[in-house]
Amino acid sequence: MEYLQLFIIILFSPLVNGVIKKVKANMQGRTGPGVLQPYYDLLRLLRKDMVISRVTSWIFSVTPYVVFASVTAAALFVPVLTTRTAFGVKGDVIALIYVFALGRFFLALAGLDAGTAFGGEGSSREMTVAILVEPMMMLALFTAAITAGSTNIASISGAHRALSSPSHLLALSALVIAIIAETGRVPVDNPDTHLELTMIHEGMILEYSGRYLALMEWAHYIKQMILFTVVVDIFVPVGIAQTAGFSGMTVPAVSYAVKMTVLAVLMAAVESTRAKVRFFQLPSILGGAFVLAFLALVTHIMMGK
Amino acid sequence: MKHWLETYSIIDFISVGILLTAVTLNAFKSIESYVKAYTINSWLLAGLIAVVGVLVNESHLYMAAVLTVLTKGVLIPIIIWRIIRRMRVAHEVTPYISNTLSLAISGILVAVVYASLQGGIFVTGFSRDALQISIAVILISLFIMITRKKALTMVMGLLFMENGLFLAGFSLTFGMPTIIELGVLFDMLMGVIILGIFAVQIKRVFASADLDKLTVLKG
Amino acid sequence: MLTVLLIPIITAVLCYLVKSPRFIGYVSLAGMSVLVVAAARLIAASLAAPVYELQEALFMDAFSAYVMALMLFYSFAAAVYSISYLQHEFETGLIDIRGMRRYYGLFHLFVFTMLLVVAANNLALMWIGMEATTIVSALLIGLGFHKRPLAVEAAWKYIVLCTVGITFALLGTFITYYAASSVVGHESALNWTVLSGIAAKLNPGTMKLAFIFMLVGYGTKAGLAPVHNWLPDAQSQAPSPISALLPGWTAFYAIMRFLAIVSPSTGVSFTGNLLVIFGLISIGIAAIFIVVQDNYKRLLSYSSVEHMGIMALGVGIGGPLGFYGSLLHMLGNTFAKPLMFFTSGKIQARFGSTNIANVTGVFSSMPLLGAMTFIGALALAGSPPFNIFISEFTILKAAADKGMWLVLGIFLFFAAVVFYGVLSGFGKMLFGDPGRESGAGSLVRPRIPVTVGTVLGNGIMIAMTASIVVMGFTIPQFIDRTIRACIAALGAN
Amino acid sequence: MVVLNTFIAGSACILFGAIASLTLLSKARNYSYLFSSVGSLLFLAAGGYLLYAPAFAGAAIPVTSNFSFGFSFDALAGFFVVLISIVSLFLSFYSVGLTRGIRHGGYLSFFYHLLLLSMYGVVLSSNIVTFLVCWETMAVASYFLIVFDRNAEAAKAGLFTVVMTHIGTVFIIALFLVLARFTGSMEFSAMRSAAASIPSGARNLIFIFALIGFGTKAGIIPLHTWIPRAYPVAPSNVTPLMSGVMIKTAVYGFLRICLDVLGPGPEWWGILVIAVGAASAVLGILYAVMESDLKVFLAYSSVENVGIILMGIGASMTFRNSAMHPLASFALAAALFHALNHALFKSLLFQGAGSVVHAAGTRNMEQLGGLLKNMPWTGALFLAGTLAITALPPLNGFVSEWLTYQALLLGFKSSSVVVKIVSPLGGAALALTGAIVAAGFVKTFATTFLGMPRSEHAIDARESSPWMIASMSLLAFLCLIFGVFPGIPLMLVSPAVFSITGSSLDLDLHGSMVTPQATASLSTTALALSLVLIALAAILFVRLAGGRRRTVIADSWDCGIPALNSHMQYTAAAFTKPLRIIYKRIYLPNRELKVSYIVKPFFVRSITYGGEITPFFERYVYEPVMRGMHTAATKIKLLQSGSLQLYLGYILITLIALLIFGT
């Protein structure tokens, strides 16, 4: 079963995005594309020719694979249905963040490789947002890790059941904000726009087309789903299995599906009710989240739980 | 005679005389009067040496007295006179501070010396005050050097200092071995001559005998 | 001992008789070499056991031998360096043959007076030697009056200040004599050998007074702040070989001797504290003036003040370790300071200025000279791995062992300031762009004709540099033994 | 004693190199570095042996009858010997290629060898005198190397460096003297055994002085100011040595004194070290990221890495204070591992930067660009170094930073509330640092190697010599190996850790690293393997699903304006502009905008933009102090006014003062 977890994330991640889009469209009073639309998009992109700028170097061509491999590798040590991980790949929240950083690093390089201003702008903003998000995310995760006495995601989800203290609530809020920023959603970024002055993630992949773009998009979906999974693993680990094997996976599977859907709806709700903020207002929002994470830590240490 | 000298503590009288001639420098305005004071001072010193010679009955002290008269009382004043004439300097000594203040500070110097030498020092010999007086003379001469502008007053100040020194040497210890005394005297004579040469050079090179001009080297 | 003292006088006369500007330097060097050879035997003998001569008027023990050896070393080095230095002055018309004869004559007289100071057993005889050094060296500084008016100013200040100072030293001598004669009578009460035997019996009050006058007097001559003021003027204006001989070890030698006589009666803390205070003031004043100095020769002379201060400090801290440090420091300075004056003489000859701002890129245009200058500068700044660091560290260790933390802190602070000052001065001169800022002609390497004189001069400078480096790592055994013998002779064990 | 002889032979080799550098024909002088490579190999072997051999002391060579030079050999020294040797081994190859035909190459090589030898001396010295002599030799040698380029900038930088580090040395001297006074010995080993007798005030003083003294050399903020001045002007084959190794000797000194000799201290020591480390890491990288000078950027990044090392050391100190020795060992291992890693990737990066500067003739990234095409090897290897220093898995930087995170997180096991709060905050600071490092290196690599060339410099640049590429390749290879198989470097680290804490490193290395008390586990080997496999699978999948498709080479998208040129590229300054705005409280930026118009305000002829950040510590700490000192000194200078009377007055006053107070 633990070997399958990887494929669950790879295969279902476009679906999650499809769900978010659909819900969002509904909330905005549109019909919207079907929930399977991301799959069609990927397939279409894979079958297209590519246009590559003559300015670019091999970094540009390597990046899609690196990005895809890095996010997918993270899926190896994130518990989905069971806390067992596959292939002896061991990692924890810190490794997770740094594996993501590997992808982001190459993404940013690729954004600058074509020598256009948009790519540079996207890279610059992406790295800036990462600077604001990472410490806050780390601190929020630390709070959870300290409770469990471990930074391994599996141990954390094994150690406590659901939100058990005010400090966790604070940490959760910080983490949700972090995930919004990490997945490039409103109010931090707008995934649906190609308006030059506002885009972040789309700016970096502006030069990509065809199969490379497909890999990039897919990697983005996977990353989003992993982050959702981490949140539910850590803060609502209800129903997750502690064993390997296929028997008794019904409850975990159902609960996971429910949790994913809820999170997707939540994301869509946030996106629909918030406007994208100016880039330089981000520090105050994310700084606020950092304060939440810090409070979580202090509360935890002072209250002893 | 020895008895007489002891009874009336002639040494004290002479040393006070030496001090007074040094103090009078504060009041003098011309370089010539400095030389005159110095001559008197040297003769007094020679007299003191002679008196000490009588008291301790040491013949080499008589010779020292004669030598002192010859060098300090005759030779050096002559040299200085010649230098003064060669340099054709203005005769004022141009002090930095007023004579009154100068006198007052000299008085303070004497007081300081007496105050600080009160305790601890066991003085024998023929005079209780010889050491104090000689140190006072030395400090006053130094003070004169500090407050006067002319190169020649420097030389005069130095000469007075030496006299103060000899006062201490002879009244405290009744002189040293003759050869040493000769050496010291010779050295000092050389020093004064060379100072004189330099004073003439200064006048020639800087076209002034005022030491105010000699402040190029600083910092 | 008498022969050793006579050799420089004879050499002086010989030099004065030579009429050829080419040979006069070598005559002087020959005389110096004879002196060194003759003195070497004397020094070796006195290290083994004290040597007396002339009815004990002359006397040498390990300490005098040590100081004499150091004096001979720097005098010899200066004699070698003088050859090329004066040749250059002669060629550029700064000096004529009369001046050269006078220079060499006075030079050897100067050597004689210095040797007299360390060979004298009698305090007053030593004083005579000391006053004679002042007079002779004042003439050496003021040599060639017409072309260098500033030298006259410097010489004038030098002679007035030192004569005043030394007058106080004579007063101190008289007082000592007075104190001693009341213990042993008048006979030979001025001899070191006698005084050191009765030191503990002398009247402490009188000896305190004597020491104060002695310290101010010889301190002036030695260049201890705040009575050091003649030194920067004299050293910056004197011919470079003579700057290297100033202020020399004569006055410091006298202070050390007196210390051995005074401290048994007054207690070590009285003399020690005075020396520590003088030392710290010297280091501090020197450090401050070094930082804002724009003339490299003056910078070097403030460095002399600083090192005098360090030596005073070491002796003041006392104990075998403190004395060891000071004596070793003396050795280190014997190499480093003359070297620096020699190299700066060459720099001055090349750039025609003693202003730091006018000199740049020495390292590029004259690599060997640059390297030697910089090693010397680092040594003077007290940086390892050069010899002066070892002695400074010894003194620091002595201070720490006695728990004198305040002294230690002040010393370290000012030592760091000195380091900054020395290196910023010489760093500006040595490194940086050669030529661009220094005006015309300096881009081209000057054609200095290679003569025996320049080869010898460079040779002695290289040897001094090598000693500085080597003694940063190890002090030869015999020197170590000698220093310990000196400490024993000074009774500081 | 085979080991001792190996050390002697190694030193002799390096000395020969120094001599050869001055005596060889000037055309062949670059080969003198091969002596140092042989020497480094010998040192490497002997150092490696030391890690697993009992400690011993060499014979003492007397300097005077009071002091002697002595060297002692233990595992801690062995570790640092290995660290120095690895870097210098490769660097000597690099130098052969770099310094071919260079002017004054002999001078350069001589001081290079001297610097190398003095660094070995520092870590092997057994007493304070030896340490100080080697320490200052190191400073002096690096001074000569910094001023190698004969220009005013280098001269200034050299002076600043040597003075700053000397101030540090003064503190070291002071702390050594305090130590010697209270332990009665100058040997480190004897000091260690007598350390218990030091009163606590003196212990605190020693600790603070060590932090300042060694911190100056290591470049902790605010004592870092010399680093960004010195590194850029030093020759390119020296900077790797200074940054990769020389600052590690400072770490060594701190470990030797504060952890080895002094032993456990009060709680605030560790907390202070963590705080200082965190401040250095964050501020160091914040300043780095604003730099457009390639070498200055890397220099500031050294400050940051020292901060990370210090955080590990600080964590170790807090654990040791509460007698949690296995945890102390773990934290220390993280710090030492990071020190080793930093030596590797920072010398790789500085070598790469050196190659770029050598090839392009400028350090300014804003004039570079597109170099990856002209210098493919250098570019790729620089990228490897970049990935390592950004702590991206599976390279070595990631492993050591991961360990540091864990060490900090384990702080929650402490009984002290302050430690409990400070440690995770340290972790957050580390995360912040990591993110900024990533931004900084994206900027640097991309501006230098990607996009279009921004000037003639970049167009004309050519690939470096094979010597240089070989050196960088080996370093990059080690970065990878140390990351994928962390067991290898940890074998070097653990004996050194044991020699300090006396508790062996409790780190399970079978299959994956498991931290003490199993708080976390990581297997970089498996992670690396899965990254490669997934990438391969992705390639395969894309081929299968998409089939064979055409790739069209075209211009970049230009919004419809034809002829996109290099001036329209994103610049390094623009890249970091958001940070400049966000952290304006720290940067205090000055902005200067000059616009000249043809017809105001519609037609603009040119716009000049100048923006610079305020170097806070220079402006508000160093400069006022220096100015104050100079003003005071200039006032005091009036004492020597040139007036003879005044000088005579000093004599009079001195005498009177002595007469009054002395008698």
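The first chain written gets the first letter, and so on, giving A, B, C and D; residue counts start at 1 in each chain.
The rule is simple: contacts are C-beta pairs under 8 Å (C-beta built on N, C-alpha and C of every residue); 3 or more make two chains touch, one makes a residue touch a chain.
Bear in mind the structure is a predicted one, so any value in this text is a computation, not a measurement.
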Going by average Cα coordinates, which chain is farthest removed from subunit C? A
Of C-D and B-D, pair with higher C-beta contact tally: C-D
Per the C-alpha centroid definition, the whole-Å distance linking subunit A and subunit B comes out as 99
What is the distance in Å between the mean C-alpha positions of subunit B and subunit D? 69
Per the C-alpha means, the centres of subunit C and subunit D lie apart by a whole-Å value of 43
Suppose each chain is reduced to the average of its Cα coordinates; what separation in Å results between subunit A and subunit D? 35
Which parts of subunit B, given as residue numbers and ranges, touch two or more other chains? 117, 119-121, 142, 145, 154, 214, 216-217, 219
Two or more other chains are touched by the subunit A residues none
Where subunit D touches two or more other chains, by residue: 637, 640, 644, 646, 648, 651, 655, 659, 663
What part of subunit D is in contact with subunit B in the complex they form? 637, 640-646, 648-649, 651-652, 655-656, 659-660, 663
In the complex, the residues of subunit B that touch subunit D are 96, 109, 112-113, 115-117, 119-121, 139, 142-143, 145-149, 154, 211-212, 214-219
Per the touch rule, the subunit D residues reaching subunit C in their complex are 61-67, 69, 107, 129, 132-137, 139-140, 147, 150-152, 154-155, 158-159, 162-163, 166-167, 170, 173-174, 177-178, 180-181, 629-630, 632-634, 636-637, 639-640, 644, 646-648, 650-651, 653-655, 658-659, 662-663
With touch defined as at the start, can you tell me which subunit D residues reach subunit A in the complex? 369-370, 372-373, 379, 383, 387, 390-393, 398, 401-402, 405-406, 409, 412, 417, 420-421, 424-425, 427-432, 434-436, 438-439, 441-443, 445-447, 449-452, 511-513, 517-523, 526-527, 530-532, 534-535, 538-539, 542, 545-547, 549-559, 564, 566, 568-570, 574-579, 581-582
Can you name the residues of subunit B that touch subunit C in the complex? 117, 119-122, 124, 131, 134-135, 138, 142, 145, 151, 154, 158, 161-162, 165, 168-169, 172-174, 176-177, 180, 183-184, 187-188, 190-191, 194-195, 198-199, 201-202, 205-206, 214, 216-217, 219
